[in-house]
Amino acid sequence: MSGAADREAVFPTRQSLGLMKAKLKGAETGHSLLKRKSEALTKRFREITRRIDEAKRKMGRVMQIASLSLAEVTYAVGGNIGYQIQESAKAARFRIRAKQENVSGVLLPTFEAYTTEGNNDFAMTGLGKGGQQVQRCRETYARAVEALVELASLQTAFVILDEVIKVVNRRVNAIEHVIIPRTENTIKYINSELDELDREEFYRLKKVANKKQRDNAAQDAEMKARKEAQGAMDEKDQVADDGPSDILGAAAAEDEDVIF
Amino acid sequence: MEGLLFNVNNGYIEGIVRGYRNSLLTGANYTNMIQCETIDDLKLQLGPAYGDFLASLPPNPSTSSLAAKTTDKLVSEFRYVRANAVGSLAKFMDYLTYGYMIDNVALLITGTLHERDTRELLDRCHPLGWFETMPVLCVATNIEELYNSVLIETPLAPYFKGSLSHQDLDELNIEIVRNTLYKNYLEDFYNFVNTHPDMVGTPTAEVMSEILEFEADRRAINITLNSFGTELSKADRKKLYPSFGLLYPEGTLMLSRADDFEGVRLAVEGVQDYKSFFEAAGLGGGPGGPGNMAGGTGSEGKSLEDMFYQKEMEISKGAFTRQFTFAIVYAWVKLREQEIRNITWIAECIAQNQKERIGNYISVF
Amino acid sequence: MTSQQDYKDRQFLAVIGDEDSVTGLLLAGIGHVTAPPDAQKNFLVVDNKTDNAAIESAFERFTTERKDIGIVLINQHIADRIRHRVDTYTAAFPTILEIPSKDHPYDPEKDSVLRRVRRLFGE
């Protein structure tokens, strides 16, 4: 626990004690909720990172197969078709669309590949030679790109989750290491202040009681002295008065009991 | 008769080309090559055959630079032979280069159409298809200019004339332009070897006819197969078929009506070789059903394309059994091209670590 | 986080790569050229002659300027050339994906995202 200085600026009253206690309770609930959220996200995150790792390695393989099918085209056509392809590209046939997925309140986008029908920029490519290889190569690459799109979704999720997890963890840590200790400190401070007040009050009352006792004793002694003086004067009359005097003394004793 | 005077002009060339043919990689070389683990190993294996040409390559070169260097060797040998050729052989070799020119011109037309700087395209052109006036093509900025002032000057002008107008260049798909040119070229070449006084009745005419007829049929079949599912109409398709070949005219007519793989198969029924190709391809999944061979898993059988290449190589190899013929030059270029494709393929398989399909090369020796 | 609207209309992929990678991906059908007159392409072919500034500007264009691109594919060896830009790019949209190229096999050690993964788990 950090020093006693780290507390909120409140007056040490019973009301603020109540407030602080409520706050502490709230912070603890929030902490456990956020912690759970962070754990859920982290679980998802780890799963995604594992899949990214796998997918990236797989991608190497997929792209190799695709390159080989392109090599096949070069083999069959007997030349490089790159330039022609670049120039005849007009409209994308292979497109993506973004969707959302909800993970513990975080919206993760996922890409979905789709092909638009009808426009085929390369239908004629390799008409005289190698057309079949070109078509095959297109399919191979289309599949490779699908794999890439999938990987891209994972990666986007990775980036977003990474961000969100950082934020959540920051909150969790803030609650755990700042808000809760500080609230606890405040409560402790209020308690100690209140105790101090109590002790002062006790001491004051004790002082008051002592004084009362002393006063009582003095009064009693005076009374006694006066009675003895009167008794000396008329002894017979005073016998009947003893009772009430005793009762008073007993009452005073009882009073003391009540106070202490 | 031809044996009497052939060597006067062409004996040296024939000797040289036969020598080149002997330096082609053999089956044993290929067996060694497919054992390689890295491109460097492959380079080492190619050392005896390609020597100096590979020397400038960096360690572990890319497959494309390897292919470029091996092509360089072909080009320099071809240029040497061409420089020593005279008379009708020189003309014959020019004809050989026209096919590459068509590809180059198609490339430049594409560039001009899209208003690209065509100068940088010159690097991409096939060196065998280089012609004197090619850099001039880059001057043209629009297609009409290109057609009217520049293409007319090229050796390909006759192929444009009569079948393609400058509007066509603008509107038609470049593939159609290319194939129209190629059809005209094949017909012209066929005509050349069969009518030129130096070649009529010689083995040259005989062998070249066989090769060109095969080439014509191959294109017709490929165009038909590849046009399924595209906007190419049957009438337009018919215009792209060369008007000779084993399939011409009945088979070509049937091809022009074919709607699917089956239709093509029926059309080529008449020619034994093609029939057996189609049967094999049909069993192996065939190109008729798209998708079933896709994904680099299509190793279950040879594609039609592979079988055509195989056939081409066999014809080319056969050409060397004849003497006193120009056809060996053509055959040698084709064999060498196949060798480059093989090397590239093997290099690619090694680079991509896809050894299971490395055996897809075609070796005839 | 990005708003709903921001990624709804992101429907294209973009690619920065060597010729073979671009050719292959274009064959798959991702190529898109916007309507003239500006005719913007969503791909860039990089070779040895392309300078880094051109790559950077393309990267900038695909990631910040264009709002219709959801995924940017970039060859790893090209990403290496503008590594500082790729590493400092943290936005969720568009996603940057480093892909292997034909002549440069994939190296997970260099990938900016995978490096982050490693750092997070202290591996």
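Chains: A, B and C, in written order; residue numbering restarts at 1 for each.
Basically, a residue touches a chain if its C-beta (ideal position, glycine included) is under 8 Å from a C-beta of that chain, and two chains touch if they have at least 3 such contacts.
Since this is a predicted model, take the numbers as computed values, not measurements.
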item: Closest chain to the centre of mass proxy, which here is the mean CA position; value: C
item: Best-connected chain pair, where connection means C-beta pairs in contact; value: A-C
item: Subunit A and subunit B, separation of their C-alpha mean positions in angstrom; value: 71
item: Between subunit A and subunit C, centroid-to-centroid distance (C-alpha), Å; value: 37
item: Sites on subunit C at which at least two other chains make contact; value: 20, 102
item: Two or more partner chains touched - positions in subunit A; value: 64, 66-67, 69, 80, 120
item: Multi-chain contact residues (two or more partners), subunit B; value: 63-64, 352
item: In the complex, subunit B residues that touch subunit A; value: 63-64, 103, 106-107, 110-111, 113-114, 116, 121, 124, 126, 173-176, 178-179, 182, 219, 222-223, 225-227, 229-232, 240, 287, 290-291, 293-296, 298, 303-305, 337, 341, 344-345, 348-349, 352-354, 357
item: Touch list for subunit A against partner subunit C, complex; value: 49, 52-53, 56-57, 59-60, 63-64, 66-67, 69-70, 80-82, 85-86, 89-98, 107, 109, 111, 115, 120-122, 134, 137-138, 141-142, 144-145, 148-149, 151-153, 155-156, 158-160, 162-164
item: Partner subunit C, residues of subunit B touching it in the complex; value: 62-64, 351-352
item: List of subunit C residues in touch with subunit A within their complex; value: 1-2, 7-8, 10-13, 19-33, 41-43, 45, 70-71, 73, 90-93, 95-97, 99-102, 105-106, 108, 111, 113-114, 116-117, 120-121
item: Residues of subunit C defined as touching subunit B within the complex; value: 20, 102-103
